[in-house]
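In what follows, subunit A forms one complex with subunit B and a second complex with subunit C.
Up next is the complex of A and B:
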């Protein structure tokens, strides 16, 4: 089934790769400029009417973000992930909110967490989970979360330097000490 | 009659001009105990036996508050009940981790409660960050932002532990040791500086009363 789908899609699009994970899940790669047309084709003619989610992953070694658009076909119970690689520098992607209205929520989240811009996506510049964030987007891999924590939040001086077993013996259960 | 200008007021510098006149600029006032010791002790006894908890789930620990109120644990036996608004509550349970976004709401709710008010930190995350020790968005020590009267540690503490914590809190209230309201007033500037350090988009009045 998925092979036939690939055959049909290849007539119109440059599919760079196809991975079949199992009978219900497959992934294909497509170029950035072809994504919107491909998604429209899948939605209108191939039965993938549901956008499950959009995620990004940071491939800092390749200086790329990998966006994944996960679609679902209710008739065949098949999930299809569409991967797009985009540059990490001035990361920007076409908004697909005209295709699925819920996409703008995901795009707003990706803007905040990864700094990927989606021009013309509604409310994409508003705060989503983080309020007043003024640092690097925190889900980028070059963001040092431990360093950020040390700078902004204070640790509690606690039992870290004490040896638990000895403390238990001496302070809590002195009568059971060896 | 004392003129209003005799009192130090808050700047509310982070509000826009149009909103500044809508909010109170008074500093918090300390709780004055009754002049007669016996009356204050009686008031503490009454307070301890009628804890009205703000039903505000601040973190994952809020899931432990629900069974507490149902028939199995039945916290009503101990005079504990939930209230839907901070105006009617005297206890706020900081249940688990608090993200910076939630912290803003915690502070706002806490300041709106009437004194004397008590804060119970539930779970290790409110104590030292717990498993969120390296999270960019989760504060580690809640006691730097609001005064805490008692911690119940664990991840997650069972409802039994929470009940034990409430009973301990009652004992402390009866003994007159829960002075969080006055600590907050006394160190108000320190608390406020800490709060504003992490909450970058401070668009509230300085004291949310």
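Up next is the complex of A and C:
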């Protein structure tokens, strides 16, 4: 089924890869400029009428974000993820809220968490859940979470930790070495 | 108003008698999903207190705390304590856990009006979810740790047997970086290393490509790093935390990489060892790894150091016992020459007790360090061992190291299972002999390094275990000897120890060899010490009793190396030398 779908889609789109995870789940890769048309095709002609969610992952080594649009076909009960790689530099992607109205919520979240812009997406610049956030988007891998935690949150009283190197020195070889 | 608007509220009532979609907690509980990331579970017997969970935690939610587990090599004794006020259940701690002790249950409900109760030590503080089978466990097919070791280029067995060239090539840049990148800086290895080398830091220096800093770190605790980078018993690797899931870090080879990249002529500039004279004198007897290590650290403290060595060159067993295919002379010289260059006075071919009296040395110095090694081969204690074709393993190795062919012939038996036996066997193979190793116990009982046994096997040394030599008799050919040996049955010693080999008289064998090499152990020669000093120094099982700083009962005499420690390997001798230097400095400083 999915192979036939790929065949049909390939006539119109440059699909760079297809991964079949199991009978109910597969992933396609598509170029950024073809995404909107591909999603429209999937929604209107292939039965993937539902947008389940949009997520991103940070591939800092490749200087890219990977966006994943997860679609669902209620007739075949099949999930199809569409991957798009976009540059991390001035990261920006076309908004798909004209296709699925709820997309703007995901896009607003991605703007806040990764700094990926979706121009013209409704309320995309408003705070989502990080009210008053003034630092680097926290889901970017170059965001130093530990440093941020140390700077913004105090430990509860009574916390204490031991350094294992010193503990072992004291307990195992107190009179050896320097 | 439409009729529907009036009656529609009453439709709600029909729902009142249906099963609700929500759970009536606490009457009904809804378990978390099978792989839910719920409250933590830690198998504290499996945990080694490496702190990796604490290091990776992005929320600073984990402390390492003392429990009733004792610190021991390979286990810090500390265990992770979680602050659920900060935890976000991301499971990075589970994903990184090298011992695999940490996972998460699928329990997610915990109610308490005491905020401090949400700090707990999984596995130590009793919690009801420890027996849950469900919960998040690391996917065995996915690992944050790098479990495979960077490959090391080595001579093939056939090539290796053709000469005494070094077998192991050493890492190149890419291999070293890849291997160094596997280290998680958990510090567990430091306690296991006899010299307590700062292993994570020198590996970090490799990763950051700052090899000069790496050299400085090495020399803080070990001035024989070219040597140890090749032939160390690398017990640190036995306790490497990565070894719980994969191959331990090649710590020894990474050490070698640092040394191999830096020419000897740059050592002085990098190490900046200033030796400001303090006017005190220390003598060292024995220029092996223990003695020369002590010489290095004493010289750095400004002592005038004189080393007395019976042989022509320094190095002790490293030079005269370890074959050059494992440790080439030029690499040993790289270590030793730098130590001597700091102004250590060497007295070669000077046998203490013959060429100079020990008491003279003692009188002329503020302290003396003895590290004379075990250089007297043990006898087989069987009839006929005085046959001229019976030689010691030490002699074979000494002759080889001195450039003399030991003339072992074509067919050789090596008796013993230690490193000297393995080296003698492999040296004999390089001289073209067929070699049979006779060992009285089982293969797993052999005291030799597993690596040596493996390589000897690869070099086609034939192992006969549970073989007890009974007697040696002359053969018709005066250049051969006949050994009679019997098969041994392994019998429980009744004390929980390793089984004892018992000779079976009805299973005897006879074989003729060109050379029978005896390598069942060695002891020290203390004849250079006067009887009164020997009596004052306490000997236990042929080893001198010393404290952690190598102090003896005689205040100004310090002893280390194989004559004092039980391990009798190079890195322990080097550590002894370092500790003796600290002890001597304390002793002389207090005396002043």
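Note that the second predicted complex is superposed on the first by the 157 of 178 C-alpha atoms of A that agree within 3 Å, B and C clash if a C-alpha of one lies under 4 Å from a C-alpha of the other, contacts with A are read in each partner's own complex, and residues count from 1 in each chain.
As a convention for this text, a contact is a pair of C-beta atoms (placed from the backbone, for glycine too) under 8 Å apart; a residue touches a chain by one contact, two chains touch by 3 or more.
Model, not experiment: these values are computed from the prediction.
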| item | value |
| --- | --- |
| Contacts of A:156 with subunit B and subunit C, given as first, second, both or neither | both |
| First, second, both or neither for A:146, with subunit B first and subunit C second | both |
| Subunit B versus subunit C as contact partner of A:129, first or second or both or neither | first |
| Which of subunit B and subunit C A:17 touches, first, second, both or neither | neither |
| Which of subunit B and subunit C A:90 touches, first, second, both or neither | neither |
| Partner chain(s) touched by A:168 [first = subunit B, second = subunit C, both, neither] | second |
| Doubly contacted residues of subunit A, that is, touched by subunit B and again by subunit C | 145-146, 149, 153, 155-156, 158 |
| List of subunit B residues in touch with subunit A within their complex | 100-101, 104, 127-129, 133-141, 144, 197-202 |
| Residues of subunit A defined as touching subunit C within the complex | 145-146, 149-150, 153, 155-156, 158-165, 167-169, 171-173, 175-178 |
| Subunit A-touching residues of subunit C, taken from the complex the two chains share | 49-51, 54, 57-60, 62-66, 70-73, 76-78, 83, 85-86, 115-116, 119, 186-188, 190-191, 195-196, 220-221, 547-549, 575, 578-579, 582 |
| List of subunit A residues in touch with subunit B within their complex | 127, 129-134, 138, 143, 145-146, 148-149, 152-156, 158 |
